[in-house]
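Two complexes are shown next, each including chain A; its partner changes from chain B in the first to chain C in the second.
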Partner chain A sequence: MIGKGKDRLFAILVLLPSLILVGIFVYGFIGNTMYVSMTDWGKGAALAFHPEKNFIGLGHYGDLFTGFLNSRFRQDLVNAVFYSLFLIIGALGVGLFIAVLLDRDPGGKGTYRTIFLYPMSLSFIVTGTIWRWLEAPGGGLNAIPTLLGLPRAQFQWLSSRKTVLQFNWQDLFVILIAIAVVVLAFLAVSAWVKEKKKEAKWLGGIAVIGLIWVLFFRDATPNALASPETHGLNLATLGVTIAAIWQYSGYTMALYLAGLTGVSADLHDSARIDGATEFQYYMRVAIPLLKTTTLSAIIILAHISLKMFALIFAMAGPDNAQTGHPSVLMYLTTFRANDFAKGAAIAVVLFLLAALFIIPYLVGAHKERSYR
Partner chain B sequence: MSEMKTSAVNYKRIVLYVIIAVLVILYLIPIYMTLITALKPPAEINLATAWKLPTHAYWKSFSDAFKKLGPNFMNSVILTVTGTFLSAFLGSVNGYVFSKWQFKGSELVFTLMLFGMFIPYQIILIPLFQTLRYLHLYGGLPGLILAHVVYGLPITTLIFRNFYVQISRSITESAQIDGANFFSLYARIIAPLSIPGFVVVAIWQFTQIWNEFLWGITLTRQAAQPITVGLAQLAGGQAVNWNMPMAGSIIAALPVLLLYIFLGQYFIRGLLAGSVKE
Partner chain C sequence: MQSRSAFAKTVALIALATLLAVPLAFASGQGEAGGSGQQGSMQSQSQQKAPAVKVDELSGQSPSGKLEIFSWWSGNEGPALEALINLYEKTYPQVQVINATVTGGSGVNAKAVLKTRMLGGNPPDSFQVHAGQELIGTWVKANRMQDLTPLYQKEGWMDVFPKDLLNLIGTDNGIWSVPVTIHRSNVMWYIPANLKKWGVTPPKSWDEFLQMAPKLQQQGITPLALGTNWTAIHLWESVAVEALGPDKWDALWNGNLSWTGSEMNQVWTTFGKILQYTNDDAASLSWQQATDMVVQGQAAFNVMGDWAAGYMTTTLNLKPNTDFGWEASPGTSGVFIMLSDSFGMPVGVPHPVNTLAWLKLIGSKNGSDTFNPLKGSISPRLDSDLSKYNAYSQSAAKDWKNDRIVGSLQHGVVANEGFMNDFASVMEMFLKSRDVNQAMNATQAIAIQNGISQ
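Moving on, here comes the complex of A and B:
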């Protein structure tokens, strides 16, 4: 835009307060939390107005990942992975399914959309309170069989102590390498299909090296922990995940429905003329066109899953170790146990997990805007 | 032949409607259970009758719940209205600069700003807690409002920026030729055109602030706690009578639910805008 010098100056002056606030409250505070996580904050006087802080390095992180007393943190991390994974898969699957149904233009489409989306407007605390009642041992879900004259179900949705998919935390590095092998192999195959043979060979090569390592040098891999410690998928977390999917599948539905409506009617017609069934149209034409939508949805769901603090708090209570999450543990450690430095370290781990998703996404969006 | 085809189509339509009906019921069950439980006298709430309608409507749970949640409700009203108003105004001005007065590096600054809406807020909680204490804002509503306004800046700026990008250059340029400067261009052209933008942002921020919990429970003292904290405490005890938490849930959900039912279109637009990529 053509602008006079004075106007340009005004523009920057008007923006400045917000920039300073974001600079301090986002970037400054993140830096501060990172620093705090490397101190010995307070020592018995944690709530002092100016607590004594000495730099101690990465000790708290070492404690969290290898300390005997911090096995809850490690289980919470495992829980966080499963919460994220199941929320993403569940909300994407259910949301896409409903979007395709509504894309078939049933009468009253708008009403259905309103019904599927209303849970989005609720607070996690409201959702958590309602679902806590539904999943209570004597509550609604377990009473469903009695409607059919059967004895009531006994499943302890939020307090089950059963754990499946157990693994020994000592083997963590081997497991991570094995996961990397699977991901690399997948990437290599998809690169090969896209005729990017050189890239495929590189990826495949690294995958093979990893595979050889996992198969033959497993015992040479250092243990992640001094003594055996099992972790796994706590079944109690599923109760929370169901409520989260109920709340957020409407969101992915709205994203996909907007995308499907955007796929032109011409494309739908020409697919039909080419003899494609409706199923083939969605599988081969429409859904592949919605790749960006899927990517956005994954990023946002991953981000939401890291913010499930309030839902877990309301549904299972903060002290329920079975359904724990690093965000809840951060709250307990900082504001109940007054261990600010360790709380900061947990927050940093959580932040790094989020950054893993968010930074590539924002960089991509930034490039897209700049090229325009 | 054609008759057969229509019946096949009808059959498919029927299956479609049956599936949708089942899903609608599944999505409405939690609301049904909440309503019937809130309206039952405590003695009627047990496993055997969990799914049954109450024998008579027992409204006392609502008045009891409101007695406990009333102060929280008022706190949330003040917090939400003030926070929404301030962050919508700042977001609008920022979006105006980022869309119409781009400077060297403004895209980068914008991206750096967006980062703030994706962080898990635990990462800023400790310095925020300390800073509010130093500023003597810890424990009360002003501190909570400050937090909501600052961390609301990225999303409100994003929505307004994307909204203003669509206002064509010819409109703003002709206004400038007529002598409009930075401020009068905003006041006379941009702001009047952005009423729908304000509605989208206001609904989004209202929902976010009304529903927020983490800051509510860590940054306020009893007297200033918002509705979400009040509800969590009402429902949090060990031996709960479920009629009270259910009535409380309805009270806590009603303002945003009404907003959603009557202005759903704008809510969805805010939702889609939250995905950064246009």
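Moving on, here comes the complex of A and C:
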């Protein structure tokens, strides 16, 4: 027992330095950023030796989400959602496709693997510079149709001012409820299929209530904004997304390839003996076994998509509002406009978004470990 | 098993305690800082005046040791800075100059680095900054610059620099930097041979431009080449100065002209019409690429600062007046929209004696005429030696002496950094929506928010 006590003391002593450092330099500064975001630092002489800071509560947050001048922040949030969504879908799809091809064991598997994984070793600045040239209006991507004898494409990958899927920000709450209904309905159906009837009924019930609300009470939902303001999917963001997918699909390929290699050869053989085609083997046997791989890939891609600052900065520049992202806006607000408090508020919003992805993952991982 | 989970709990508890304690410590620390900040602001109210540079005391000592010069001059501007540093080291052999350059056009990166250095209490001896509100709004208001009026008086600079310039770079409380370069923002560039071929002459007003633009479009020519967001703001200031005239332009920045009145309505309406005759891919082009469009005969005109002259003569090997031509942007002849790179002296610099010697050198006729011909800008001094400059610069220097001088918005003279940043967002809004009323309301709001009008 004494030995154990000593052991424990020793362990705590060894852990203490890193606990303190992480506490100060990670969590301490997160706390400090939250504090700064609730002050009025930045009005007048922000860079004075002793700048005046008064506590003003959540004022900056309210301003960001409802202020007339901050429509750029709201569009950037919408952009961030689409960046994440398309990067995840694109990188998973392309990565899985390449992984399956390589799993078929063509000649030179190792060479291909290196080639596809290589883009990940580049920094976002390098990727961004290369793709900015490729996507210039007179550049490489638009020249591809000429290879087939077609006229040059005219699309402005990074500077198009076209917006599709437009919606009114006033209807934000209704839209969020509608999205929640779709997600809940999906979960309910999958629970039903898995014979978890009770859970399915619960989820289905909430979904139905939400659906009724959206269908009949949408006018009673409060508006998210005083005046109408349209946002949507800016087509110029696609140019940046393509570059990001190019960079990270090699990475998801590596993840999937490891997963596929882990599927035992016996499974493959027995599936074939049972009369499954190769296509059926992948669709019904191999890919369903990769669910955990997919989940970790989603988590990793999601938080990479929140860190696209460098890529956007290199490709589209700071003042291209079409391709904006909250992280770029945060940099400009803080270091160009000297509005440290508002910049901190944007940073906290980004932080919470990242937490939205990370915390469920950590909880899940923790649960899994304690089951073992 | 149990003891292990207990151990985990202990660690978790310690971690939690640390987490809770640290932000609290920060918050309380800041509370104090906030308190002393209020004292500080009270002090600054009672003092009002920033410390003036002690010229007599400092010039008594001979410069020695080190001098750190912070700038964003690199690439083809690098040699000009080198020449100036060489001149300094020749004059003061005891001093070792440290050239702290952070690359990136218009100081995009340098400004952020400078801010972290200043906040960290590690100011360079002297730093490059756009003269005017970009310096005043950020650093003078923060009481971090020394008043250079005594230096101006001692060196007789009050008379060699134009009065309009001193008004733009100074405040009631002092003069804050020594201008090294002058660039002109309102210049319209063209290729004379091309204009002849297309049957047009440089427009004398934007109305005239709007009349000739369809004729150019019919020939498949873009009437006006435009680049990324900031070049649109650059164009906007030329349009606004024509529509408002220099006096109302000044009034706008002194808070004496409404951002939502009929004058500004006309500015935005004209600007919107002009945008119809610009290239669609503007947002993906750098200013050089926009200039290239004119040089390559795809576009007729381009409004850009006179660094475009340097680009065309040095990089593209064109001859001023024969290969390329220029006029003041439509309707602004007799007005010089200026911008200037300057150097100041921060409070608490490590080597004040050497800094003062540096400022004296760059403000002198010799220093100015060493640097500017290489950089492709003109000297702010009225007595510069024009024989050292090329044909474009000589014509610009002539205008500098005779024209009414006003300040540039995009290049930091008339508005503080907060307004400039927000204006870039408003410009993006307008480029997309072309909504005049929305633009007027938004500019009014950001002008109030950034303390330009009430």
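One rule holds for everything that comes next: the second predicted complex is superposed on the first by the 343 of 372 C-alpha atoms of A that agree within 3 Å, B and C clash if a C-alpha of one lies under 4 Å from a C-alpha of the other, contacts with A are read in each partner's own complex, and residues count from 1 in each chain.
Note that a contact is a pair of C-beta atoms (placed from the backbone, for glycine too) under 8 Å apart; a residue touches a chain by one contact, two chains touch by 3 or more.
Predicted model only: the values in this text are computed from it and were never measured.
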Regarding the shared-chain residue A:A178, is it in contact with chain B (first), chain C (second), both, or neither?
-> neither
Please indicate which partner A:V189 is in contact with in the superposed arrangement: first for chain B, second for chain C, both, or neither.
-> neither
Given the touch rule stated above, what does A:L225 touch, chain B (first), chain C (second), both, or neither?
-> neither
Touched partner set for A:L158, first chain B, second chain C, both or neither | second
Examine A:Y112 and indicate which partner it touches, taking first as chain B and second as chain C; both and neither are also allowed.
-> first
After lining up the shared chain so the two structures overlap, which partner does A:I20 touch, if you call chain B first and chain C second: first, second, both or neither?
-> second
Scan A:L122 for contacts with chain B and chain C and give back first, second, both or neither.
-> first
When both complexes are superposed, which of chain B and chain C contacts more residues belonging to chain A?
-> B
Would you sort A:F49 into first (chain B), second (chain C), both or neither based on which partner it touches?
-> both
Considering only the touch criterion stated at the top, classify A:I206 as touching first (chain B), second (chain C), both, or neither.
-> neither
Touching both chain C and chain B, counted on chain A across the two superposed complexes | 4, 8, 11-12, 15, 19, 27-28, 30, 32, 49, 136, 317, 335
List of chain B residues in touch with chain A within their complex = 13, 16-17, 19-20, 23-24, 27-30, 33-34, 37, 46-48, 50-51, 90, 93-94, 97-98, 100-103, 107-116, 118-128, 131, 133-134, 150-151, 153-154, 157, 169, 172-173, 176, 181-183, 207, 210-214, 217-218, 228, 231-232, 235-236, 242, 245-246, 248-249, 252-253, 256-257, 259-261, 264, 267-268, 271-272, 274-277
Residue set of chain A touching chain B in the complex reads 1-4, 6-8, 10-12, 14-15, 17-19, 21-22, 25-30, 32-33, 36, 49, 98, 101-102, 104, 106, 112, 114-126, 129-134, 136, 138-140, 142-144, 146-147, 152, 246, 250-251, 254-255, 258, 292, 296-297, 300, 303, 306-307, 309-310, 313-314, 317, 327, 330-331, 334-335, 340, 343-344, 346-348, 350-351, 354, 358-359, 361-366, 368-370
What residues on chain A touch chain C, complex-wise?
-> 4, 8, 11-12, 15-16, 19-20, 23-24, 27-28, 30-32, 34-35, 39, 44-54, 68-69, 71-72, 136-137, 156, 158-159, 161, 317-322, 332-333, 335-339
Can you list the chain C residues touching chain A in their complex?
-> 3, 7, 10-11, 14-15, 18-19, 21-23, 25-27, 30, 33-34, 36-41, 44, 108, 111-112, 115, 118-119, 138-139, 141-144, 228-230, 280-284, 417-418, 420-422, 424-425, 427-429, 431-432, 441-442, 445-446, 449, 451
